Amino acid sequence: MTSTTIFEGGADADAYRVLDANGVLLEGASAPLSSEQLLEAFRWMLLSRTLDERAVSLQRQGRIGTYSAVYGQEASVVGSALALDPSRDWIFPQYRELPALLRHGMPLSTLILYYVGNPLGARPPDGVRLAPIQISLAAQLPHAVGLALGLKMQGDDGVVMTFCGDGASSEGDFHEALNLAGVVKAPVIFVLQNNGYAISTPRSKQSAAPSFAARAAGYGLPGVVVDGNDLLAVYEVARDAVQRARAGEGATLIESQTYRLYPHNTADDQSRYVSPEELEVRRGEDPIPRVRNHLEGLGVLDAAGEAAMQRSIDEEISTAIADAEAHAPANVTQVFEHVYANPWSRVTRQRDEFVRDAEGL
Amino acid sequence: MTSTTIFEGGADADAYRVLDANGVLLEGASAPLSSEQLLEAFRWMLLSRTLDERAVSLQRQGRIGTYSAVYGQEASVVGSALALDPSRDWIFPQYRELPALLRHGMPLSTLILYYVGNPLGARPPDGVRLAPIQISLAAQLPHAVGLALGLKMQGDDGVVMTFCGDGASSEGDFHEALNLAGVVKAPVIFVLQNNGYAISTPRSKQSAAPSFAARAAGYGLPGVVVDGNDLLAVYEVARDAVQRARAGEGATLIESQTYRLYPHNTADDQSRYVSPEELEVRRGEDPIPRVRNHLEGLGVLDAAGEAAMQRSIDEEISTAIADAEAHAPANVTQVFEHVYANPWSRVTRQRDEFVRDAEGL
Amino acid sequence: MPVLTMVEAIRQALEQEMERDERVMILGEDVGRLGGVFRATDGLQRRFGEARVLDTPLAEAVIAGASVGLAMSGMVPVPEMQFLGFTHQAFHQIADQIARYRFRSQGRFSMQITIRAPFGGGVRTPEMHSDALEAQFIQSPGLKVVMPASAYDAKGLLLEAIRDPDPVLFCEPLRGYRLVKDEVPEGDYTVPFGKAKIVREGSDVTLVAWSAAVQLCLRTAERAAEEGISCRVLDLRTLVPLDVEALAQCAEDTGRVVVVHEAPYTGGFGAEVIATIQEEAFYSLEAPVARVAAPDTPYPIAGVEEWYIPNEERVLKALRRTVGTTGA
Amino acid sequence: MPVLTMVEAIRQALEQEMERDERVMILGEDVGRLGGVFRATDGLQRRFGEARVLDTPLAEAVIAGASVGLAMSGMVPVPEMQFLGFTHQAFHQIADQIARYRFRSQGRFSMQITIRAPFGGGVRTPEMHSDALEAQFIQSPGLKVVMPASAYDAKGLLLEAIRDPDPVLFCEPLRGYRLVKDEVPEGDYTVPFGKAKIVREGSDVTLVAWSAAVQLCLRTAERAAEEGISCRVLDLRTLVPLDVEALAQCAEDTGRVVVVHEAPYTGGFGAEVIATIQEEAFYSLEAPVARVAAPDTPYPIAGVEEWYIPNEERVLKALRRTVGTTGA
């Protein structure tokens, strides 16, 4: 396998940027977030990264199932989610947006329960405006449009943000959803995280489009390309899209150009399709040091401050893992619950029999 | 139902044109077709129109099933098909492209057999590079890409043309097919006939895109908008796309802006959703008088010439109808033929039983 | 009581329910100004506006998929698939999203969605339009599958479906739209799911059917009576939930059963009817349960469809064979 | 003879057939450089090039749909669906296009296409990945449905499938990929469709199964033997074509039958097995045919799947009940 010099992933030269590679504000740019907001964002990013590392090790120990890390995409995910108001806005995730879900109100221990394999882990608490993680790629996009339309019909001023990958964007559902969103002017923001790969399939084989944002014009929507490793740029672009949606101006497609620094998931072997050179280059574009530098430049974060932050994160994660592992184990009745609001006789009979059998064992 | 002044259908001001509304070459334009080719094209258009009228009346008499007329779209269909070489190129139709199929080698009597309800009517003769009429909207687009890719892999210099409607272009298959065509640089031409309606659904409710051709950029393909009622312009645009495809430069999306002057099909009642004013305006853009004027201007057609042409067309159609109606009626074995190359025992048993039963009746 | 055709009964149910519950909305291809290609939604857009009777782009997956989000937002969507055959374009949204969203979200989100879809042969319309695909949706737990055979049931079952918090695939027989006419109360009523109906009494054999095949069975039962065969006809009305008890009871009462459906033979819902009967009433059966169905071939073009779909002769033949057979 | 795992046998079949017939090509998500998420196509792109082992965009409908055109062009496509659950995204292309294109074109175009798709539970992978959807494809006349249970059959049936001018859905059990190992000839051989195989002899009862459930039945038969129940195990191998004769013969020989599958109970292919048996061998049956299946609920998350999919205890229970029952 020869490594090429044209790498997959990373941001185009003309992608929207606020920070330079070292986290310094570009000339003429102004920061769209206050120092407190920046610190909050940085903590979510750090929490996400720490969680990834812990989860990968839990998976190795067999304590949780297959896990897909956010690693490398923290600015893209956190920057987008920060533009939302959790008390009125909704998120429809794919599966690689954990810090967005947490910030939106999903308890960490519940999320871990999901990875442990307990059905209850999939349930967002009442009031948390969040759809379950989606396995069927791009299937969440039509849902997001429907919910946005429903809010609009009912005079609710909430907006909907939905995430999908560069790979998922090749599905028919992507097209049908964006087209409908255009026609009904649904208050929805499509965040397409282009992280260079769909499992092993590189961006260049996913589409011949110069950018995924170029697709927006075909639906009468604005399309934006943003450097997905620039937290401030992602936030700004997302905030504008949310404002437009809330103002009744309809949907936006945001292509957030980032990079998946970890393998697809804990079962994947990245070395089969990513060259060490490419990985090396992309590691240099890690969004976390970029925000850290910016915060240090602002004088609102130093090594001691970050260490304290890290300690509180470690503790938060440990507590959540302990809570999830202390949760009552899943049981046979969960196979039957919430299938129907009104289950029919055969299902009820099956449940009774399965429960009896399980007790008999 | 209030009629609006913004009509659906018809060509945008900036659509590519060669002829003016009266069939006169625009300044600086040159005709891409010789007089003989123009006469051939005109004859196909006239044949198509005559066939529509005959078919509608056959349907009223119960001699054929539901029929979708080409009426109004003759320049769009014929102009596109003329760019193909039937001895090496392929067509994947939707269902509203009859003259293209005929010109490509489909016998008229076979087509009529299809409308009569005989399964054999769906079979293009061996050697005719044509796919069957497609009922499932947009499903033919992936097929066309696959065939184009297969030709390319085998070093065959054929190209593939496939048609779809403005309505069909909202299907997920449209997106998946164009995206794959871009990636593999398939020699395929997508002719999207935007005739203003999908049954009753107007163009404006089908998509908020400024043009359907605007979608091409999202697949890395060239997209062209052409006045679909201008035979010469359609031909020129299609010819260029065919040349590009044959030269290994990949696919093109052509949006041919035309208008469906008849109801969707013989079961439809257009007056429920099209205002008389709109229809009146669009009738004035009928492509047939436009070519006729052009031919008369060239001095290669006069009233007597057209009358002779019309007579030969009438005769051709009458003969084809007579042939189709003289064809042996469909029989029960046709329910079972060509389902499997190697039918399994139960199907064979069913066939034997059904045939016995039918004979017993 | 007024006599309505099935399509009129369906339209009436939709109109009354939209009137009663402002969360109810319709979306689909050509449902608005045209009133649907079969006029099932005729006049509803004029009455309830373009938002609640939404003409969508031509894209079945997003019609189904948007319904998921609409339901989450508190609306009660009644999407129309122009033909059941085109549910295939939306299969992933129906089978994997609508059917399972309650389960996936562990009860957080209800999918109060009724997908209406006409289907069935005998009206000279081509494949995909005519295909009887009900069996393909049975293996989608979470989804209910409703198949009315009369105008009365069409209204009552549709009102039940729209009000049911569970998602429903509501299949309407094309052939019945205008041909089936019966008395339909003007007021509000529902027909419960999972209760099959004996639409004709008889003692020698039970004909089990649903949707348009019920009329075929009734006609054939008349002819069978002339031959001295007394047929009970059981209309299942809903396939999920299945009225297991009624099937067992009929098998016990008549000892012989013939199941009739328009879908292909192998793997059709007739197989489930047989499996259920032999599980529940094995010792009552005096003869194998016979199936009358389309052959294992695709829906053909109009010129040959008369041979394809079950007809009175084929049902009669199965009846004669079943009744002529004596127990072991 | 070399002992191979199922996934190795599949890879070998693909490699040998691509070698033998240059029209054969593979397309799908991650089939190339990665060699497929389960390594079924490992090394094939290196050997046969990027055109014949094509990494496609992530879009199942066009993977299936392009295969139609590729077959028309004279290629022999072997598309891979990364998981059977994602055939739902391509359902319209598989059921309405691939399955029917020969019929629709009246024999003009052959669909020599083999769609490979892994599926099945017990490997802690989530819904859609684990769903056993075979019954949903039975009502697509024109399509053959193949479900190998051993490495030997996987290779032989796959070679048969690729060479069959009819389209085949070839379902590979995830659980068997690495766990099932048996002797596989290195050379060329095919296993014919429609011939079920008795994989264990027995006289009291027949266990009917396919795919991963065959191993479950073999293990359970061992335990049943300890209880004095002698089980025959019949591996159907292909559902379409169905070996009707073998089913009838087993029912005649053992008088009692239990059918086991991973898919949900209602409307699963078990119903067809039962319907066929009672049609063909009604008078030989000494007890109702029992079904062991998943319940009528969606495939659940890993923590509860052990209760969901059939296990030895549930099969044993059905065996005891069926054998304990005496004829009427």
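For reference, chains read A, B, C and D in written order, and residue numbers begin at 1 within each chain.
Following the convention adopted for this analysis, a residue touches a chain if its C-beta (ideal position, glycine included) is under 8 Å from a C-beta of that chain, and two chains touch if they have at least 3 such contacts.
Just so it is clear, the model here is predicted, and its values are computed rather than measured.
K.L.:
Taking each chain's centre as the mean of its C-alpha atoms, give the chain farthest from chain B.
P.N.:
The chain lying farthest from chain B is A.
K.L.:
More C-beta pairs touching across which pair, A-C or A-D?
P.N.:
A-C
K.L.:
Quick check: how many Å separate the C-alpha centres of chain A and chain C?
P.N.:
Each chain reduced to its C-alpha mean, chain A and chain C end up 41 Å apart.
K.L.:
Report the inter-chain centroid distance for chain A and chain D in whole angstrom, where each centroid is the mean of the CA atoms.
P.N.:
36
K.L.:
So the centre of each chain is just the mean of its C-alpha atoms; given that, what is the distance between chain C and chain D in Å?
P.N.:
Going by mean C-alpha positions, chain C sits 30 Å from chain D.
K.L.:
Calculate how many whole Å lie between the centre of chain A and the centre of chain B, each centre taken as the average of the chain's C-alpha atoms.
P.N.:
44
K.L.:
Among the residues of chain D, which are close enough to touch at least two other chains?
P.N.:
Only 56-57, 59, 61, 85-86, 88-89, 92, 96, 103-104, 127-128, 141-142, 240, 242, 266, 295-298, 300 qualify.
K.L.:
Return the residues of chain A touching two or more other chains; collapse runs of consecutive numbers into ranges.
P.N.:
119, 122, 136, 170-173, 175-176, 179, 183, 205-207, 339, 346-347
K.L.:
Across the complex, what residues on chain D touch chain A?
P.N.:
Result: residues 29-30, 32-35, 37, 55-61, 85-86, 88-89, 124-129, 265-266, 295-298, 300-304, 307-308, 313-314, 317 of chain D touch chain A.
K.L.:
Considering only the defined contacts, which chain B positions touch chain A in the complex?
P.N.:
Residue positions touching the partner: 170-176, 179, 182-183, 185, 205-210, 212, 214-221.
K.L.:
Touching residues of chain C toward chain A in the complex: what are they?
P.N.:
Its residues touching chain A are 25, 51-52, 54, 56-57, 59, 61-62, 64-75, 77, 92-93, 96-97, 101-110, 141-142, 144, 164-166, 193-194, 240-242, 244-245.
K.L.:
In their complex, what parts of chain B are in touch with chain C?
P.N.:
1, 65-66, 114, 116-119, 121-122, 135-137, 167-168, 170-173, 198-201, 205-207, 267-268, 272-273, 329-332, 334-336, 339, 346-347, 350-351, 354, 357-358, 361
K.L.:
How about chain B: which of its residues touch chain D in the complex?
P.N.:
The contact residues of chain B facing chain D are 92, 119-120, 122-124, 126, 131-132, 136, 139, 141-151, 153-154, 156, 160, 172-173, 175-177, 179-180, 183-184, 337-342, 344-347.
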